[in-house]
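Lettered A, B, C and D in written order, each chain numbered from 1.
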Amino acid sequence: MGANSLPIILLVPLLGAIGIALTGRWPNVRETISLVTALALAVLVFSWFPEVLDGARPRFTLSEPLPGLSLALSLEPLGMMFACIASFLWIINTIYSIGYMRSNNEKHQTRFYICFALAIAAAMGIALSDNLFTLFLFYEILTLSTYPLVAHKGDPKTIASARVYLGILIGTSIGLLLPAIIWTYVATGTTTFTLGGIIQGNVPGPAVGLLLGLFVFGIGKAAVMPVHRWLPAAMVAPTPVSALLHAVAVVKAGVFCVTKIIIYIFGVDFLFSQPSAQWLQYIAAFTIISASIVALYQTNLKRMLAYSTIAQLSYVIMATVILKPLAEIGAAVHIAAHAFGKITLFFAAGAIYTAAHKTELWQLAGIGRRMPITMAAFTIGALSMIGVPPTAGFVSKWFILAGAFQAENYLAIFTIIASTALNAMYFLPIVYFAWLAPDAPDVDMNHGEAPAAILLALGVTATLTIVFFFFNQPLLDLEGQLVQSLPL
Amino acid sequence: MKLLGLFNYWVFAVLLMIGLFALISRQNLIKKIMALAIFQSAVFLFFITMSKIENGTAPIIQAGVDNQIFSNPLPQVLILTAIVVGISTTALGLAIAVRLYEEYGTIEDNEILALDRSA
Amino acid sequence: MNLADHLPALQVAVPLLTAPLVILLRAGFLAWLTALVASLASLGLAILLTVAVLETGTQEYYVGGWEPPYGIALSVDGLSALVLLLITGASSLALAGGRQSLRLDIDNRRAPMFYGAWLIAMAGLCGIAVTGDAFNVFVFMEISSLATYILIAAGRDRRALSAVFKYLIIGTIGATFYLIGVGFIYMMTGTLNFADMALRLDDVIETRPVIIAAGFITIGLALKAAIFPLHIWLPRAYTYAPNAVTVFIAACSTKVAIYVLLRFNFTVFHGNLLGHSDLFSVFIIPLALSGILLASAIAIYQGNVKKMLAFSSVAQIGYIALAAGLASQAGLMAALLHMFNHALAKGTLFLCVLAFILTSRSAIITDLHGIGRRMPWTMAAFVLAGLSLIGVPGTAGFISKWYLIVAVMEVPGWGVPLVMAIIASSLMAVVYLWKFIEAAYYGEPPPGGDTAALEVTLPLRALIWVAALSNVYFGLFPQLPLALAQSGTGTLLGGLN
Amino acid sequence: MTTLLIGAFLLSLLVITAVAIVRATDLFSAVMLSGIFSLLMALNFFLLDAADVALTEAAVGAGVATVLLLAGLRLTPPTEARGRSLRVLTPAVIAAVALLMIYASFGQPSLGDPQAPAQQHVAPWYIEKTPELVDIPNIVTAVLASYRGFDTLGEVFVVLTAGIGVMFLLGGGRGKPFSRLDSNVEEGLSRHLIPKVMARLLVPFILLFALFIQFHGEYSPGGGFQAGAIFVAGIILFSLVRGERLTLAVIPPRVLLWMSAGGALLYGAVGLAGIAMGGNFLDYSVLADDPITGQHIGIIVIELGVGLTVTGVLLSIFHAFAARD
């Protein structure tokens, strides 16, 4: 396929959105279009995989509004992986959404599917962005298109939370990320992602740390403390949206952006040589530990999962700033691994809400006996979060840990071990209670499993979480290309 | 002599400022329109002063008279236009003032403002 | 006779001479149609002129066949072409989209007068943009001002009258100050032609009258351009004018004053007054900065959506003034681009507001709660134009903000604080726009309000979307405004090199 | 020297009158004072060798403006409310600006200085070339109508705009009908013998004078604008004496509207004729085979256009005010 067909990847979800808008009156047609679009997108994205694996780097310039500042798309290993994950999980999420939205009789379903398709288009744009300008553009579109999803319910409490969501994401992006991009442009004359980075020699040493800070905190979607507040706030959204935020697109886009910027703008080698950039790993470590501790104290299932996500995101950040080849691979793989695990967990939470209308942890006692499939999937997801083999989480943690040893970075090693223990402390009790504890008193237990569409979706993701443990070589090969130039 | 030659410009400055002062300090809209007229008249004086040449006459060529000194026609032309602009502004301002009186029952600026605020 | 040679004169003559015909008409509809046709014809002329400027450079035209400085010369360069496109485009957009709204505001018998005034206002603004003569600018400024007063006074709210009276007083003071300045320059140079003035000022630089002239002209035009804190006439005038009129004047009338300000300060004074650019910067930048920050903050607290956008205009004028005040190549580029892009965004926003008011009969935000659910198409266009106003990439607003930030980064020592001020104001723009957008989408409609009202007619919706999409188009393909701004910057700074 | 002293005396009177206008609380007195102000200004202009401007200022400032202000006052309260608070800042700033301008005046060429830059560049060219290029005695008219004809076109449209504005706001033209015309009360001063006789004698002469000014503008001070203003003064006098109803019967509002628009169109048509005949916009030289004849034709026609518009607009404005209750 020629590079000229790259924009089709963006066009497919956009056309899907238009189709959904036009057929909003007939739910069956509308959802068929959603599903067909998702499938078409995934096929399209995966058809690029072999070429990129063979080293092709297709590039397409849409327009160049200002010299050195163009709207351009390109495919490289990191973006390829993100596009694959997002497009694939969109299919599953669509199936799940259909079941969830119908069972819960949600309103404004057409708007929901339109915004969802727009969000996916934006995520594809982020994955394919060839430079910071394009990245920023799609980053903002993603924020805006997910706002109506977060505010879906429309009651005052939801609106207030959605305002926090939007306020933090737009505020950080305009207040910090945009200046960082402009700084980069003024200093280097370009914003194009280049392997090995473009900063070296253009920004004086101490300022590199500052620039890094502008980028990392400007990308609010990566939820590094203290700009993580939007993620728990966004928990007011319907569960498919939470899945979208946590696994398919939003937070993944955040860490993806950070990783991409560190690899392609700063350059791993260069950043490793800069003492002023070392602060980031402390922040990441702090975020991992404190978010895990906060998660320990949550009583609401979705909020707990949200804090777990914050911790897991900083894993990726931390892995990236270990700045060793194995760790970079680990960072990339963790984006995928966490996506599979976390989407499973959210699907399970949504299934519980749909079937039993339970949201609090104490209500879950004994639920495994009534919803065995859901809880089995939940268990697999939880194990992946902790990093227990044979789940996806183990693969990425293994690489990160190996990278940390390679760098002799004891802070990272300690953090990973400590957080693994904390993860176990807040996930395992739930698993234990769900399967083994007696039924919770004063709770209605007259319910069965969730609808078939929901079960199908979470079954698939749970299976994938395990399959990924055994079958991950293509991804490792792909991401290996990122670090070919680096000494192992 | 030199000072007397600049007297016109001083009067221009003083008239201009009298007009501006009245525009700011008077609340009556009709008074404001008159102040605007004074303000603009000052500028007319300024331009016409510029056009004067010693021992000159109005710039109208008379047959059979040679070597006349004429005053500068250009500022005069500009001021003819400016006078017309001035009267047009006055007319429009008056019409608005009349409509304001019909709507508010007053033509004092501060009272109109108070009525607007209370609305 | 080749009409293509007469484009600069026709640009003014066509709308100006159609106006007397319009006032003789009896029916409001015919008057509107004639005005629209004349406006579209002017837009066509402006496009032809733009093409000519881009192909062959500055277009000179001697009215009456008298060459300058004796006669009046018209001179159209890239900057003039940019302003002409704005004026004629805004007028056509507002007339085409404003038919229904204007029919509600103005009764049929008075409509011919109204549309006549509209054409005269547009012709006056075009006249300012094409002329190369300082006094001719004054004449056209007064024509457009007087006509604009009529347009604003046509507002249905009685507050339109008190607003327009204030505007009349301040506008006349501004124009008179300008005239005084021109008088002082004439006194020292004996000429009224811009180009000739720039040449002859060289002999009399640094004399007191010339410095006084620079002061009078700058302050007079700042009054007309509503540069903070001389903006006091603007918010009420924009708010209480008929909605279609607001679309028109918000997009172009202050821009034209800024155009003259730039023309004078750069082509005439810049090369001639020692340290003029420093003085100009010292005068204008603090005002611009306070405008950017304070007006944005005030906009947040407005309960009337038109007033909110009006205060936003004051802030945006601050951006233009700030960029121009930097007196650098990049700064001027940013100023010219922002004139164009802000007009696009504000025109679209006010057009959307016109549509909202058409269905809900109110501009008060609490009455507009839930309007986004009833008018999804118009609201989506509003959001799009709002993003351009904020300066989100992919929209036209981003291009000019980018240039602005690059330009302020060049200022030694002050780059970072200035960038922070710009970003703070952008964030405030997010806040005030989002306050409205959120209320429109999720707010509860007021009890007793007319909730049955739905979208406006399809043609108006289509027009709104054309306007909204042009914000995106010029964000992705800004070659046209860039080329015009580049050419304009070239002529403005020509005096320096 | 004597002229200078007389000038200084008149200027001092001007300042005193201006202060009196600002201080007067009775608006009728203020209007009368502003009429005097304009007359004094016109005298000054005359002393400064600006005959055309003096004539215009007298006709417009003392005549038309006074009538309009009185017409406006008839519809609004006649006294100004007092009791406003004055801050110290305003007078201080204003005094400072005045002093600054006086200070700046020392860098200016003094009155009548033939070496002043303003007298050098463009102005001598007009005086020198006019006999050869336009060939009319009144150079002011030549500059106004030909060299800077574009400005004058604009001026006509300023007047037209004011007319449109007043008619739009107060009715008139085809807008709101003149409400007062339905009643029979309006008879003016026709029962009083002396004004009636005086007016009957005066009005024809005024109108005749206006026509003279109109068509003699190339030779002596005057032109379309002044003529229009004087013509209007005559008509207003007529309507004061014979009542507005009769006046409007003689010249109905529709005719006034056609005059206003027609004058402006006539002017524009001359401009377009220039283009049509191969010249530039408003180029009169091409209107006839001989450029100078062309100039003469152009100037006469546009002056007629100016006169028509000014008469139509000013009368419409007057009627609009007069007809309002």
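Going forward, a residue touches a chain if its C-beta (ideal position, glycine included) is under 8 Å from a C-beta of that chain, and two chains touch if they have at least 3 such contacts.
As the structure is a prediction and not an experimental result, all values here were calculated from the model.
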Far-end chain from chain D, centres as C-alpha averages: A
Distance-wise, how many Å sit between the C-alpha centres of chain A and chain C, to the nearest whole number? 44
Chain C and chain D have mean C-alpha positions lying a whole-number Å distance apart equal to 31
From the mean C-alpha coordinate of chain B to that of chain D, what's the distance rounded to whole Å? 12
Compute the distance, rounded to whole Å, between the mean C-alpha positions of chain A and chain D. 75
What are the residue numbers in chain C that touch two or more other chains? 135, 139, 142, 146, 149-150, 153, 186-187, 192
Overlap residues in chain B, where contacts from two or more other chains coincide: 16, 20, 29, 50, 74-75, 78, 81, 85, 88-89, 92, 96-97, 99
What pattern do the touching chains form: line, ring, star, complete or other? other
Taking all chains into account, which pairs touch? A-C, B-C, B-D, C-D
Once bound in the complex, which stretches of chain A touch chain C? 62-63, 65-66, 69, 71, 133, 136-137, 140-141, 144, 148, 151, 154, 159, 163, 166, 170-171, 174-175, 178-179, 182, 185-186
Which residues of chain C touch chain D in the complex? 1, 3, 6, 9-10, 13, 16-17, 19-21, 23-24, 26, 61-66, 69-72, 109-110, 112-114, 116-117, 120, 123-124, 127, 131, 135-136, 139-140, 142-143, 146-147, 149-150, 153-154, 186-192, 196, 200, 204, 207-209, 211-212
Listed in rising order, chain D residues that touch chain C in their complex are 100-101, 103-104, 106-109, 116-123, 125-126, 129, 146-151, 153-155, 157-158, 160-162, 164-165, 167-169, 173-176, 257-258, 260-262, 264-265, 268-269, 271-272, 274-286
Spell out the residues on chain C that touch chain A in their complex, using ranges where they run on. 383, 387, 390-394, 399, 402-403, 405-406, 409, 419, 423, 426-427, 430, 434, 438, 441-442, 475-478, 482
Write out the stretch or stretches of chain D touching chain B in their complex. 4-5, 7-8, 11-12, 14-15, 18-19, 21-22, 27, 30-31, 34, 37-38, 41, 44-45, 48-53, 56-57, 60-61, 64-65, 68-69, 71-73, 75-77, 80-81, 84, 86, 90-91, 94-95, 97-98, 101-102, 105-106, 108, 110-114, 116, 118-119, 122-123, 126-127, 130-131, 137-140, 142-144, 148, 151-152, 154-155, 158-159, 161-163, 165-166, 169-170, 219-221, 225, 317, 320-321, 324
